């Protein structure tokens, strides 16, 4: 089973790569969002950093922070096309595969986002090698990938809620805002007031962008304890996903498909 | 059925499209990332026909033969690459907004109705678009819904209706403004036998009462046989037949189907000279030319211990299949 | 008489669109709630920023929030129309169902299916504008307010005309999702910040790429809040009128030409 699933996973990566080659314009759109999103952020944070010394970042650090987090940011928008599959009954094509829905959709989400972000990851890692150092850059890239695994597991949990929610656009948007804010992409979590910063640092979202960005800046050194946090949250989210899958399929059965 | 008033005149029209092509050289492949390479594909070639008021025309052809393309040109969606089309005295493309007031269109795969709300609201919107007074629109909607037995479904969201029920509402929406011509692009696709029959009967009634010309594309030969008085057959964008069903059968149905049910034991060398269409356990279907019918019957009765025998004309499906396979055979 | 007919079609479209939104009540109400939460988060975000600084290139917290909500109104009202989805109608062939109707095609594309959610978002934006103006006691004089408001309304077409041109390109190119995405990313990233935070190069670049960025997303708010002399607003109004007339005329011709080239995909 594990062999089959890993073969399927790598096949999916290849498939997503072929899709990206067929529609290269989507990569260009993705890059344009990064570029045009980064330009105002650059000037905005440059002026703020120059105007105050109360931020725990230098001007260079804050700009690099946003280069990293914005350049690699992903949310439900990247995988939006899959959220209707339950409502439209297309999920049955996944149910008949010899693997769990969780594993199947995790593979699909991870491969979609990974291929989409790969060019950005390569560019940022290369830039980082010259500015912040090779070690920080490569470690940040590795922890970004850990964060991607965690993020995709969370997305699977939310996807499985569609058995009950039927592709609610408002709630999806809410999740996107939550990720934008709680992951530290919108504002670094250590700039927030103590209470909110502390709360968000205890949630898993900060492991998606904030922690890798801090590693990128060399402000956090990866430890075994940090890796354990990733593993802990991935396991918790995986268990939640499997429970949702079990009850979701039961509920789906009752509706008669 | 025909009043001999020409409603549609198509003269020597051709239509070609630009379709993507795979670039061969590396340079062209790079350029293709920015500007897609395209080549010309001719769909319709030098097509001409005339349709008269009150005609019910079956427009048939293989997949990709240009049926939907023809309907789109006749409804003014785009012009022909060359040639001339006149419908109800107007150029459908140049005078589109004025022209479409007098036509109704039902696309088999594209809906006129909003899927999320009850059909009554979409049809009321249609009535507004066609400037039908509200009271008259309501009266007509109820009338048509009753005839098609869907009056109880007027307030059910479209997405909760079956395909047959949706198609009925599509037809109601397209007939509300008393069009002079209705274009139906594969309207019976996916419908069960009863739903299809009801729709065909309804169209027949509309044609008889209002003298509405109906232009129908379909793959279902039963539709053609039941309702159409005129058939146009397309083969790779060219017209291969334009006439009525009776004439078509006279030209192409110069043979008969002889179906026999026989006892197991028979002389296996007997049927060597006979053309067999189908053969199952105890049943054989022969194709017998009309001129040699007696000869065939004699041979069959000599070779087989017959339990049952049936002689039929070839079906329209078989005739059209032969045209697709052999091409046009002129009279 | 024709206008009465079009008004009737518009009323029916509005009714059908409203019923569609209510058909998915959970979606409708949750998106309004999330939008309100988003506004709160924006408010909190800038409050946190302004706890570290007092002024951002001459713009205070209240000024910035006023700018953001003002810029949101126009774009959200544009999102109400179906113009944004035109390229999708073209590439799927669904435009055929509009072409066989005896009303102006562009009217049907724009107004046959409206986004009711966006109407509510625009109303929320307007309410928040008043709230921000009152809460932060933003000083606004009568003349700059009027000049800024007129400029804001007249310059909106300038901002959305590029979107309309790109949507029309789908008649020739098919998928124009890419170009739309690029323009969209530019507008939505820039609209939250006053142009004055950028250096001269980017101000000129953005203004050339889309004059609407300068004339709609920055000048009106700056004039209303007294950051810029209203005389510039008058020049802006004249420039907007000129650009609007030329732009709308060219768009009209381009759209008609596009319809001729439409190949009815699907």
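A, B and C label the chains in the order they appear, each numbered from 1.
Just so it is clear, a contact is a pair of C-beta atoms (placed from the backbone, for glycine too) under 8 Å apart; a residue touches a chain by one contact, two chains touch by 3 or more.
This is a predicted model, so every value here is computed, not measured.
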item	value
Far-end chain from subunit B, centres as C-alpha averages	A
Central chain of the complex, centres being mean CA coordinates	C
Whole-Å separation of chain centres (CA-atom averages), subunit A against subunit B	51
Intercentroid distance (Cα basis), subunit C paired with subunit B, Å	45
Distance between chain centroids, defined by C-alpha means - subunit A, subunit C (Å)	29
In the complex, subunit A residues that touch subunit C	25-26, 28-29, 32-33, 35-37, 39-40, 43-44, 47-48, 51-52, 54-55, 165-166, 168-171, 173-174, 177, 181, 186-187, 191-193
Of subunit C, residues touching subunit B in the complex	5, 8-9, 11-13, 15-16, 19-20, 23-24, 93-94, 96-97, 99-104, 108, 112-113, 173-174, 260, 262-264, 266
Subunit C to subunit A touching residues, read off their complex	26-34, 37-38, 41, 45, 48-49, 52-53, 55-57, 175, 177-178, 181-182, 185-186, 189-190, 192-193, 197-199, 202
Touching residues on subunit B, where the partner in the complex is subunit C	17-18, 36, 69, 72, 75-79, 93, 96-98, 100-101, 103, 105, 107, 109-112, 114, 116-118, 121-122, 124-126, 128-131, 157
